[in-house]
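Input: structures, listed below.
Here come two complexes built around chain A, the first alongside chain B, the second alongside chain C.
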Partner chain A sequence: MRTGHFREKPGQLIALSDSRTVWGWTLALLVALALAPLVISAYGLTLMVAALIAVVGAIALNILTGQTGLISLGQAGFLSVGAYANGILLADYHVPVWITIPAGGAAASLVSLLVGVPSLRLKGLYLAITTLAFAFIVNHVILYAEPVTHGPNGLFVNGARLFGFNVQKGPPLYYLALAMALATLFATLNLSRTRIGRAWMAIRDHDIAARAMGIDLVRYKLLAFVISSFFVGIAGALMSLQLRFINVDVFALNLSIEAIASIIFGGLGSVAGATLGAVFLSFLPEALRLSFAALPFGGADLLGNNVYEIRGIAYGVIIVLVLRFKPDGLIGMWRDARKYWSQWPLAY
Partner chain B sequence: MQFFLLLTSTGLVSGAAYGLIAIGFTLIYKSTGVVNFAQGELVMLTAYIAFSLAQWLGLSFLPLVALTIPISMALGLALERVFIRPMLGEPTFAIVMVTVGLAVILRGLTILIWGSEPFNFTAGMPTRVVVLAGVPFYPAQLWLLAALAIVVVAVWLFLKFSRYGVAMRAAAGNETAALLVGVDVSEIHALAWMISSAIAAIAGLLFAANFKLAPDMWFQGLKSFPAAILGGLDSIGGAALGGLIIGVIESLSQGYIGEGMREIAGFIVIIVVLMARPFGLFGSREIERV
Partner chain C sequence: MRTLLASCAALLLVSGAARAADPGVTDTEVEVGDVNIMTGPAAFVGKGFSLGSKIAAAEINAAGGINGRKLVVITEDDGYIPSRSFQALTKLIEVDHIFALNGTSGTANVMAMMPLITDNNLPTVVTEAPASLVYNPVRPSVFTFGANYADAFYAQLKYIHDHGAKDGAWGIIRQDDDFGKEVEQGFDRASKEFGAKMGPALRFKKGTSNFSAELAQMKEAGVTVLANGGIFAGAANILAEARKLDMDIQSAGVWSEGIPASARLSAPAGYDFMVADYVSLVGPANDKFKAMAKQFVSDDELANISRYTYVSYIGLKTLAHAMSLCGKDLTRACTIEKLRGLKDFDTGGLSAPVSFDNPRQLSGTAVGVYQYDVKAKAFKALTGFQQY
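Let's turn to the complex of A and B:
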């Protein structure tokens, strides 16, 4: 058990972590992630890229839902705005990819103002329903704005090159996604320790009290929408790079539910939780594939015929079970385990 | 004029389905404070159950309804006991997310059991066209409109005069006070789920008979949100009227504005209503205390 844990300088109070052990393990993890493409197969790398993109999306949703308490079921809408902005600029206007990815984020931010402003008067369920409605409207606009978005034909996203590398497959895409995930993680961790982050948490915990303390609700709620959807837009842009073909069916309601499932599974409100939840849930389809293949009586066929339904059921079961038994999610389980470990044998 | 009448009549018919589903939302919201995101899935699942019953027993319409309603009530009770009851006392957000999870589970299960191919389902009704005031109707369409009227009156009578209905209104008004005067609030919650699944069964049967029985029927649940919100989320009559209004708006905007407006007109209405009048047309205005 650690005792005598004192902070002696003001700088230590605002450090991300003052523990050498934590920094050591973080460094080891980063080195492992950087070296991963040397060891992991091409297929494994694809899964890891999907996981990293999910991490960006989940951290971003966590800003809005976990930290500010604004429930959003419109994640798919912001993702599709980011993906389409990136895809259209890249494929139709041949803009370099280092501009199109931030442009995807910026486009999603702009659109989020449209849904953010009417949402300011709303809370809880009403906001969830508004964001849901927004996601459907976005898909409709994309479907019918055919001259720009190619409508029902979908959009092929090709030719993204960065520093001479094709960043749409293999290690270059992996490093791009890794860099984006780390940037998002770092930005969010820092943001939540600033005036802005604390204001968000105050709004989440009690908006009227926050207002009374002088927090401008309009400004900070809109800021949460804009910043969150900027990162969601970037996640969407990365998705379009990886998938190489996008249409409105990619951004169905299920995507929003998967995003919500991953932040609930990880532990609402915690950046580390959102990261963990997104990583675990994006390996879920693979885990399902392996476990059905291991079943006797043609489990692989059963999954092959009904892959979307079984995945959906798995997400639903995870949401229900986590909320019922472990409302703090993975990060809560980790905290419990750590406490048990450090206090053993005195744990109660 | 003929075109307008035709659009209005088809709008009223699909609006009646929205109204029925929205009444299901409203009942659960009124008595438990939770929006049941699985209402559309309940509608779909009970419609499929009715379809299997009709195929198996070859029933005509009214006996089929009479048989489907108790089954769906049992289903509603089971879902409430297994999924919602253990969440009692948790924050509303957690319970709502459980219904979202439940929705995904029910949707997947329905497709696993009945497959993803749509079925034609007449629900034992004739398909002869009836002409009313110059506008042609199918019997199934008339039944849908009639069902909305019957359900509204029945639910109103139930809430106004029956012992359980009064208890339900008491629980909706103030749960703690209702507990203090001896209302079994958890029983009321279960009852709300049962009645709402029974209404879902009626809506599902008639919707499937009017359009078709397909695994995308759950989407009608989401499309009925505008009706519930327009009606104010806690008013039965408001939900029914909201449904009819949304149905007509969708149909007219599809006819006069453009292709595909049917799909999103309701969602645009949601955003407008929530901006201008968040408590809907008939909802109770909430006063928040710190």
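Let's turn to the complex of A and C:
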């Protein structure tokens, strides 16, 4: 029998979920995602791919910031390392894509050690500034290492084929991004229930207490950087596959800000929250565009060029309102709704 | 009988194929896309550009459209972010089914859109960021209108040299990207050719706003001719810093400084700075354009006409001209062929005539040099359009 609070077997304590309903809905979602290319337009699929890449990036950042408490503004830097490693290997050395994508992750992981080491002595805003500086350094290296990175001219990323399919557009790219997002999601969910995950949470909650309990701060902080950056590098590699052109402008600071916004908006520390936040913020501009286009009596035409600014303001206002009234983010809203549903008519 | 039926079926198929128009063309409309910077700090560029498309479309439609079809421009905002340009063009192609593309935002943005442009064989006229990356290598459906930054800077420095450069060194301050690289190429060419005494060659990151250290170096080196590679507020800050140090300089700038908003930012420094441009900034052609535009846009919009309005207008007029040459059976292939054969298309004096009948499919490479008169708060033409 399943209860709300009690577990009958030890295995239930570490299961992802012991609810058949949850597994049933998860399966239904997976089937829907698998069938999406059959019903969604090419544009819809492009947005879905962008959202899936954002999910990979947000879950990765959640490992570092949400689970370990290390604030990073260097996401754009790690993304560009992954993207350039993937792009250079594919375009210049014609390495198969099944090697270049993990290589993108590995390159970002390796580079993350450079930032990870100072993080052992820094935290909070000091670490945020350090990671931000790292992103600038990466930017400079890309611009000046012209023989390798093609410098300011950027790089066209072509020739990615997997099982005979061109995985740079359409359904093949979608399935690749979906597979990567699912792999990242399950890897992170599993990690968070292991000794490593619990050590990260202990460090986040109180690093001195964690050390007193025997947690090796050096090891676990570096591990958080390396694993998080690996997934961010994968996201960068996927980004380069979708865009097919990369240069430093593609990896601007706003990407780091958007990644932070995703995990806060979704619910800091929660893998599901990071996923929800990334999906929501990826589709919000499109939802706003469609809403404004549907304004009655030609409202959008009346607004003229101001419609773009108003949409931008609406984007910000929605984020502010959600965080003001639901500081736990989307995942908090979801938990409230679930409680309300299961406990109705009792007060929640 | 079977042969007859097969022949009829084949004929139907062939005629059907012949009538099947490319996306974006109906019996009554032709849709052209425009991806632009409509939000963010550089929004005035996109808004100026969008205005040009609006004026061109209105003028063309008032004259009967393109062989009876109304020209419709659909604008999408990219906020100057390359990944959003990619998404915006995907939307224009997949949802709006545009026939051709006129607005292409910045250099990195157009490069991010390039795979989609080539995949869809989309007739595209690039007028906003005519960097050499766009036409090197040549893409069959892409036509570039505009000079490169190297020529623009060379033209200004040549003018300064020919008309008496002040004694002292020449210095350059430029962004550390593809755009800055082109600026430096023009500076290098001019300084070598004219045997200038070389001052500092400094680079900065896009978005930098404090140039006190850089300008102090320039002052220390005795720079009197400055190639100012900053754009918008950056260029204004460089000049403001030079004024703070009381430097006596002749300044050459980027064509983005030729728009009223930029000039207003730079004016307080008090330098009669120069710009070079491939479209006319002042003169009878501009007056005529504004008089024509008056009937299609509001007074507020009229006041916002800038060089970006002219380049967009020229781009769409060129595209529309090529489309009209295709007659009723409008296809992308035909439009590209007509663009490729375009020779001396008159822009009413807003630029040198447009010709794409060259291997690079590149036109508008001639530039004119202009100088901002701080007292009169207006630009004056120093040279006509010339090839450099």
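Rule of thumb we're sticking to: the second predicted complex is superposed on the first by the 306 of 348 C-alpha atoms of A that agree within 3 Å, B and C clash if a C-alpha of one lies under 4 Å from a C-alpha of the other, contacts with A are read in each partner's own complex, and residues count from 1 in each chain.
Just so it is clear, a residue touches a chain if its C-beta (ideal position, glycine included) is under 8 Å from a C-beta of that chain, and two chains touch if they have at least 3 such contacts.
Remember, predicted model here, so these are calculated numbers, not experimental data.
Peer 1: So in the superposed three-chain picture, is A:187 touching just chain B, just chain C, both, or none of them (first/second/both/neither)?
Peer 2: So A:187 meets neither chain B nor chain C here.
Peer 1: Who does A:284 touch here: chain B (first), chain C (second), both, or neither?
Peer 2: neither
Peer 1: For A:36, decide between first (touching chain B), second (touching chain C), both and neither.
Peer 2: The answer is neither, since A:36 touches no partner chain.
Peer 1: Chain A residues in contact: does chain B have more, or chain C?
Peer 2: B
Peer 1: First (chain B), second (chain C), both or neither: which does A:309 touch?
Peer 2: After superposing on A, A:309 lies in contact with both chain B and chain C.
Peer 1: Return first, second, both or neither, reflecting whether A:162 touches chain B, chain C, both chains, or no partner chain.
Peer 2: Neither: A:162 stays clear of chain B and chain C.
Peer 1: Once the shared chain is lined up, is A:264 touching chain B (first), chain C (second), both, or neither of them?
Peer 2: A:264 sits against chain B, while chain C stays out of touch.
Peer 1: Considering only the touch criterion stated at the top, classify A:136 as touching first (chain B), second (chain C), both, or neither.
Peer 2: A:136 contacts both chain B and chain C.
Peer 1: Return first, second, both or neither, reflecting whether A:239 touches chain B, chain C, both chains, or no partner chain.
Peer 2: A:239 contacts chain C only, not chain B.
Peer 1: Can you give me the overlap between the chain B contact set and the chain C contact set on chain A?
Peer 2: Looking at chain A, the two contact sets intersect at 136, 140, 143, 254, 308-309, 312.
Peer 1: Using the touch definition from the top, list the residues of chain A that touch chain B in their complex.
Peer 2: Checking each residue of chain A against chain B gives 71, 73, 115, 118, 121-122, 124-126, 128-130, 132-134, 136-137, 140, 143-144, 206, 208-209, 212, 253-254, 257, 260-261, 264, 306, 308-310, 312-313, 315-320, 323-324, 327.
Peer 1: In the complex formed with chain A, which residues of chain C make contact?
Peer 2: Contacts found on chain C: 38-39, 43, 47, 50, 77, 79, 81-83, 86-87, 90-91, 93-95, 106, 108, 111-112, 114-115, 119, 133, 176-181, 205-206.
Peer 1: Please name which positions on chain B make contact with chain A in the complex.
Peer 2: Going by the criterion above, the answer is residues 35, 83, 86-87, 90, 92-94, 96-98, 100-105, 107-109, 111-112, 222, 225-226, 229, 258-260, 263-264, 267-268, 270-271, 274-275, 278, 288, 290.
Peer 1: Sort out for me which residues of chain A touch chain C in the complex.
Peer 2: 41-43, 46-47, 50, 136, 139-140, 143, 151-154, 156, 158, 169, 239, 242-245, 247-250, 252, 254, 305, 308-309, 311-312
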